[in-house]
């Protein structure tokens, strides 16, 4: 933390995010209807920042819990689980008029369900596969297949609910950073901000957690509590980002990789903050570029998915599965 | 078939990623003998035997087996001339022992086994003590049992030449001895064996001819009594080695 | 030895009986009731029910055989056509033809789809060759990620060119409700490819022993591998273009058969094909029955059932026996 190089890099990063945000807000502002355009841009900026920070913090937390640098919640099927829960909730609570509920409360209920299920499922899975490289590979593969299972389950239930609907488009479509679900931004912030605060507060504990189970326990950490807490926060944050834009599989991987490259050996508090900043920078700058200059709203997520997928494959090929 | 029986290696070199594995090698192996290939780890023994068996492609030089150029002759023809067993079987398929051994008859029957093929398989199973295990799956066997099954599969190919890369791995003393005795029997029937050995006393006890390799070259070759001497072996392994004598054959000791 | 032969015979008889029962059920079940006294009934059977039943059986059998072949080539139990990027590559080819030469005759489209599918599996083989050896679970993982990257590419092209609808038919559904006489016959080509695989069964078994053993036995491993890749590519391309990809059949069925009978393909290929036919036919039947008179695509049913079975296989198999 105290070392100069880190401070300079952190300063530059904050500056860059500031510049990106300013560009986003004020670049190409026409003469007329300024207030309207600014309000619109502000809303989107908040959404992007919220999404980026959620994904980044969730990924860092998850990587600490799983003690693995190439895992992200999305690779392990978290966001697919959220999609499944959305469908399930409608299916099971449909009679009680659940689908008629306003977006906010519905979102809260779904997030609660998601957190409970994620804890049960991934808590068990990560508790098991801790040993050899083979176990890790199997755990990752399990996560990927779980993701497929959840998606297929969501589409199956969707079909059962409404046989005439073609649920296919939803399953293939990309996250669209250009059109976040504005209605949920407030609710998302209400969940994500406390979750991030908690994550920061847990920082020193997460540092100890990262040493591994044996060390952590012998240092007096309440291992299971901290691990469960971190996993729960991950679930909440993934729910927020997925509800706002949809699944973003590899953004977290890129962000975590960049964070590690720019701030090696950072403590968790610093790592959480820098990861969030990097994610925001990436999203705001990228969206600004694609939306204003290339005229393609939805392309940013495609580019991120591509780059991230290839990065992941490259890491696998190098045998760096830890 | 051209007249020269035996294996001829002429000017064979090998490099992997710029590292020289084999210096130019010239070697003639007579047929009708058990030839042991010995030497420290990394000497190039496995590389050489794999090149002869056309498992890895030749980079330079020429190898002939019973007069057939390994580079030119169709692989299916060579499979009637030599059988090869490598070190890492790494079997993934779930096969019964009898099925695995039966695949050794492929060069003869190409998937349509006749009575002769079946008889050969049963005989190989009996020779390697595998009859009680014949209907078990390979993944249910111990390391030594699996090794014997692979050996049976190699022998059942009934080729003039047998090329074996460290076949004694995983075998207990009794089965190792039985294997060497079996190879000696095959030799007495007129077949030839090239075998990579780490246990020098097995080389001393069973080989007719010994080839010693170090750093990608051939350091010495000849009958066991010529090659397995104190100065030669100490040079070969860079460690003091004592050689005694037992029933007229060298006895290699290394704890003195 | 006789016990074993008896057991094998029983497995065969039971599989045949099961397949026959499913086929009869498939002929009898559907949105419309058919009674044999009705003169229209025969027409209905020959135009719709029989083709549908045949299509499901052909697709299932061919996919299961392609799965075994893929597993022998990759020497890994956890791969199948849909974990190699082959379906996505076939779809890429189909989209390319549709864009460049929409009027091209059907055989040209099929040829292009087969060639691109072949390129896809070849790419997969190149990728896994670079993986650290002995990492059993990394191979399917790398394949799934590769499929994801290719899928994202295809989806994006489809989205940009307004062909997303076609894509969702090719890659997602595995649907037999549209099958009528004249619309499924390409699947016979997949069936023929599977028969060719049966003729080369011993060669594939030997290839499964490893390149080293195959060479020592006088086989040309590269030639066998090429034949296998062509079989996989042709089956995938035909299934993708006529009914849409059906996931997990090629993975689940061979693994179950292997547990019961081993991997000597000369003995196991026929039961594997029957198993695949049963699984797909059964899934199609279930899909037709659960929300009768509506339907759920067989591929959707299999997405859930297959992924669940995959997870069980992943965790049940003793580590020694891989």
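By written order: A, B and C. Residues from 1 in each chain.
Just so it is clear, contacts are C-beta pairs under 8 Å (C-beta built on N, C-alpha and C of every residue); 3 or more make two chains touch, one makes a residue touch a chain.
Just so we're clear, the structure is a prediction, and the values are computed from it rather than from any experiment.
Participant: From the centre of chain A, which other chain's Cα mean sits the farthest off?
Facilitator: Most distant chain from chain A: B.
Participant: Can you name the chain whose C-alpha mean lies closest to the mean of all the C-alpha atoms?
Facilitator: Centroid comparison flags C as closest.
Participant: Go ahead and note the Å separation of the Cα centroids belonging to chain B and chain C.
Facilitator: 42
Participant: Express in whole angstrom the distance between the two chain centres, defined as the mean CA positions of chain A and chain B.
Facilitator: The mean C-alpha positions of chain A and chain B differ by 57 Å.
Participant: Taking each chain's centre as the mean of its CA atoms, how far is chain A from chain C in angstrom?
Facilitator: 34
Participant: Give me the residue numbers in chain A that touch at least two other chains, ranges are fine.
Facilitator: none
Participant: Which positions in chain C touch two or more other chains at once?
Facilitator: Nothing qualifies.
Participant: Once bound in the complex, which stretches of chain C touch chain B?
Facilitator: The touching residues are 1, 3-4, 72, 75-77, 134, 201-203, 205-206, 208-210, 212-213, 215-220, 258-259, 262-264, 266, 320-322.
Participant: What residues on chain A touch chain C, complex-wise?
Facilitator: Contact set of chain A toward chain C: 133-134, 137-138, 140-142, 144-146, 148-149, 151-153, 155-156, 159-160, 163-164, 166, 168-169, 171-174, 249, 298, 302, 305-306, 309-310, 312-313, 316-317, 319, 321.
Participant: In the complex formed with chain A, which residues of chain C make contact?
Facilitator: Listed in rising order, the residues are 78, 127, 130-132, 135-138, 140-142, 144-146, 148-149, 152-153, 155-156, 159, 164, 167-168, 171-173, 247, 290-291, 294-297, 300-301, 303-304, 307-308, 310-311, 314-315, 319.
Participant: So in the complex, the part of chain B that touches chain C is made up of which residues?
Facilitator: 53-55, 74-80, 83-86, 88-96, 98-100, 103-104, 106-107, 110-111, 134-135, 137, 139, 154, 157
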